[in-house]
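Each chain gets a letter, A, B, C, D and E, in the order it is written, and its residues are counted from 1.
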């Protein structure tokens, strides 16, 4: 064992480790993620936090690519259109796949998939389009298979994208967040965050006829100036918080937003050194 | 047994003439005597052979690059899994396709789980110069495997095409000689690959060296040569 | 510069923001605002002058900006017939794949080639040529190699390249040279006897009057040399991103992908009265009417002047800071 | 020769423009041309803050005046599927040496054989160390940029790549720590500068500290077998000292990230259904 | 298109055979394949074969004006491009990994290690020096092209003789081999390269001079170039599976012994060839 192993690194009683560090003997512990077994010893393979759950020992890396799980909500960008499917960049180990069969087709949820649909794939999604979807299953080699079969999923518009390390997005009950300042947030678990204009409740769920053109249109609504300012402000706040690897939850974003309103400089000054430091210290203080 | 070179004329004449590999019928019969003398030319160097009644003619030559022909059994290595089928490398210009269902007792649900790199002994079901060859691992009618399918364990020897044909010829000395010394399993692919297996590694190596020594491309040893080779291998 | 992948919805969102009044950009900047520029000189000790410049770097963890490393290395060059007297300048831009992770190596080479052509043609123009790059007329002169390395790209690469080039050239010191003539001293000659003997008995290394110098030496090793003559003339570039009637500066990758054309104008501001256009390029697909072009050039002159002056003051601060540090270091050593 | 006797001091090595007179490699007092003792390593400075455009992990490392930046992208979708493997990730390493990195300017193109050999050596060093079997069909891109050369180029590339991989959270079996060793007549030296590398027979050795096994040995100069064995063992030991320094940098970085991630309480809305499980 | 890697049965068989101490061609672990050197019509032309791996090396010399920075030294240049003739894996486009390794090793073994005394190649300082060109052609690759290429290069240099040259003042006369016997190059020492292959399963014993299949399935290679007087010139384990330090040293010592044996063979073959050749010249 390492000589400084006795004094557990007191970051909340957690033990930190790094590749090549032997944790415990493999007789009495089962190895999980981030570890491997060598000569009856469980050894860490990544640098991060050691977690012991009764007989299972895992190491959670502090920085890693998005590791998908079924049911995760992710934001992705179409990279390629292939026969009957789209390839989607989901900030993961490989591009995800969106089958034509797992997409809502214009003209109602029950509509069967026609031959002509396969020929007009680009009318639904084309290269570069952003979408929000849910991880449905995995293929043999670990590739994600996505689906957008729900009214709240589909093509994204009226806003802009921010990328943060995936580990900062905690798993919440709902990843659709509406801030009081008229800004909607979609916190993708893969670190892609969509900041957009707030869409009122009834507009989204309550639609009777499934409006075909609206779902796949690329047209943005016209957005008034105050909403645009709010979107820029939230974007800058997310960038600052992410650079100090502060996890992004709705409470933190709300506190940050209120704090930034009190500052006299306008949105672009948030990105300057002193403003960013001040924000981070206040957030950490709240704890 | 006449030796012919590419471009030479072959005296093949028969009412229903069948030309094997290496012969080419020049359709615009230059001679004015019409249909009677269509000229047959050799396109490969080798020995000219014909069947007893003179209806089938072919040229026996040697090569290392295999050109696929239908109903020939070959040994392939799985290179890629593609949908339900597999892509195999059988030493030809293009890789061959093998459908996942072309196995004995294969159904939609239970398909043979072949990994990339596994060895397959199969028969060429489709061979056409403009299309990728197709393989099957069972007899289409009887749906029995008849020895085709995945080859597990053992070792693979690469040799010239002529030796493969010779190994399949009952009159050739090598297999009976090897069989008399120790028990062995062997699968000869006409694409220059021979799969061998025996109880222990020492014997399999001896068989491999015997086959490589008997190869006309290499030393081309005769029976006595192989016998002495096997004896001193046995001693070591 | 390179078309980062962007969706139609994002593009129309950005364009709408630019065309409303008052115009709004993604990070809240006004049309003519620049992101924070960070500059440091003397970053490559083995070079004769160097600078690292970044635009839009996140102050907390230093990520996400456009970053260029520029260094000048001087080489002695024998003047053959075709190379002109008085020294030569060669620029070269290389793009690190870590700045363009989505580009293939072929596309990266093309990009490097384009950037190198723009930089080289502008900076090696005779109007900017420093006078103290010659060593011995018609015999030896300095070859100034300016190497620029793009280590990260987040839009507005031309402005960053020209600013970094100007900073590195500002920081360049040309080693002082003194031409020397080799004369064989009389004592040698007496041994061979048959040469016609030269009367004076001065030392072999007569450096006072130089009729025809054959070589040069570095008189004082510790003195780093003199600055490049006319270093204020080095040009500054501004990229005007055009969207119908609107033009905006310092575009991010997403903004560059949302506007169809850009106008690159490179000005040299030697003094408030003496300023010239060194090079101009139209990039992208849209056309531009002549009156609009004239108006843009006028605006570009203003932008580049303010950029040049603020860069010069920053460079002077850097010189002061580094001399201060050097003095402390020597002070500590005694 | 136990590892802890190899002291690691923060001597400020003299700047490189010392005079060109014949320099003593090791003077009578046992000091080398840059003031270090025989077994003393140069100052190591490590910076793990993010570099490049959206790199997954990056590291900037200096051994004395040799400075190398490494950016790691991946495991990610491969640009060309023909290069992918069905059962593991493809490790792709590209080395670029800045023209101004050495005292004599030299522009090395992409096809330069020395650079190809360097990236090949690094690729076959790290392929067995990275757990590539976890990421079939994907690609790990490692871009190495050499900013300044003063001896120990291969050593700096290996150590910087190890740090960048750890920083990117890519699972590896262990650190790979490299160091150069040389022999001046009979006295061995460690962590050579360019001056010493050009004059002395020298060897670069990379070791995996946990098992003490050797992953890389590279020597291009003439040396007697017995001398080789001596410096080979010594370099293996010195690798462990460098490992301590690298480990400390990774530990500090991890600590800082974990601290800021832990410092903030649980979100109020809805129960947190378990962390973003790795 | 990458050549298809060996099939699973071949892999499993090779590893299980090696574990029982059996190599496919019946050799011991540290036994090289038979070395045959056939010398060509002219001097400096040798075809070296290691089992079925065959490499042709050929040396020619011409007089050039030396580069200004090194007026007293001759110049040696090596041209070694592997054509697809050796095996279908090599293509003329980007150099393959093996080709880079061979080019670099030849450079280290022949140019950097001053095997050839460059000063002896100087005819007239600053004016005329000999420029030796070593051409290496890989004829067929059945494993370990590296050792074969290095051996061919070294033996070609030892076999080559340059015409005798007489210098009076500024005037240089070159004597035709028939009038004056050509002079061999002055070589400090002969360097031989030995490549060992080891496997991901480190319980398997490393093997010297890997054949085709062993080379395709290796977990790493160690190449050691050294002369017959226990002096190492190149030691290169560029990555691959990590080994115990003791194993590396053991392999180095094996190479030392092998160098002595190979040196004897090479010297005797050269003497044999020179005897035959001398008779013709009279």
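Convention: contacts are C-beta pairs under 8 Å (C-beta built on N, C-alpha and C of every residue); 3 or more make two chains touch, one makes a residue touch a chain.
On a predicted model such as this, the values are computed, not experimentally measured, just so you know.
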item	value
Third chains touching both chain C and chain B	D
Length of the shortest touching-chain route, chain B through to chain D	1
Label of the chain whose CA centroid is most distant from the centroid of chain B	C
Per-chain Cα centre nearest the global Cα centre, belonging to chain	D
Which of A-D and C-D has more C-beta contact pairs	A-D
Chain centre separation (chain D, chain E; CA means) in Å	31
Where chain A and chain C are represented by their mean Cα positions, the distance between them in whole Å	41
Multi-partner residues of chain D (each touching 2 or more other chains)	54, 86, 208, 211
Touching pairs among all chains present in the structure	A-C, A-D, B-D, B-E, C-D, D-E
Chain B - residues contacting chain D, complex	80-81, 116
Contact footprint of chain E on chain B as seen in their complex	77, 79, 89, 115, 117-119, 151-156, 195, 201-202, 204-205, 208-209, 233, 236
Chain A - residues contacting chain D, complex	9, 11-12, 14, 16, 18-22, 33-34, 36, 38, 43, 45-49, 58-65, 67, 69, 79, 89, 93-95, 141-143, 163, 166-174, 189, 244-247, 249-252, 283-284, 286-287
Chain C-touching residues of chain A, taken from the complex the two chains share	77, 79, 127-130, 155-161, 218-220, 222-223, 225, 228-229, 232-233, 235-236, 239-240, 243-244, 266-268, 270-273, 276-277, 280
Chain B-facing residues of chain E, complex	4-13, 16-17, 20, 22, 24-26
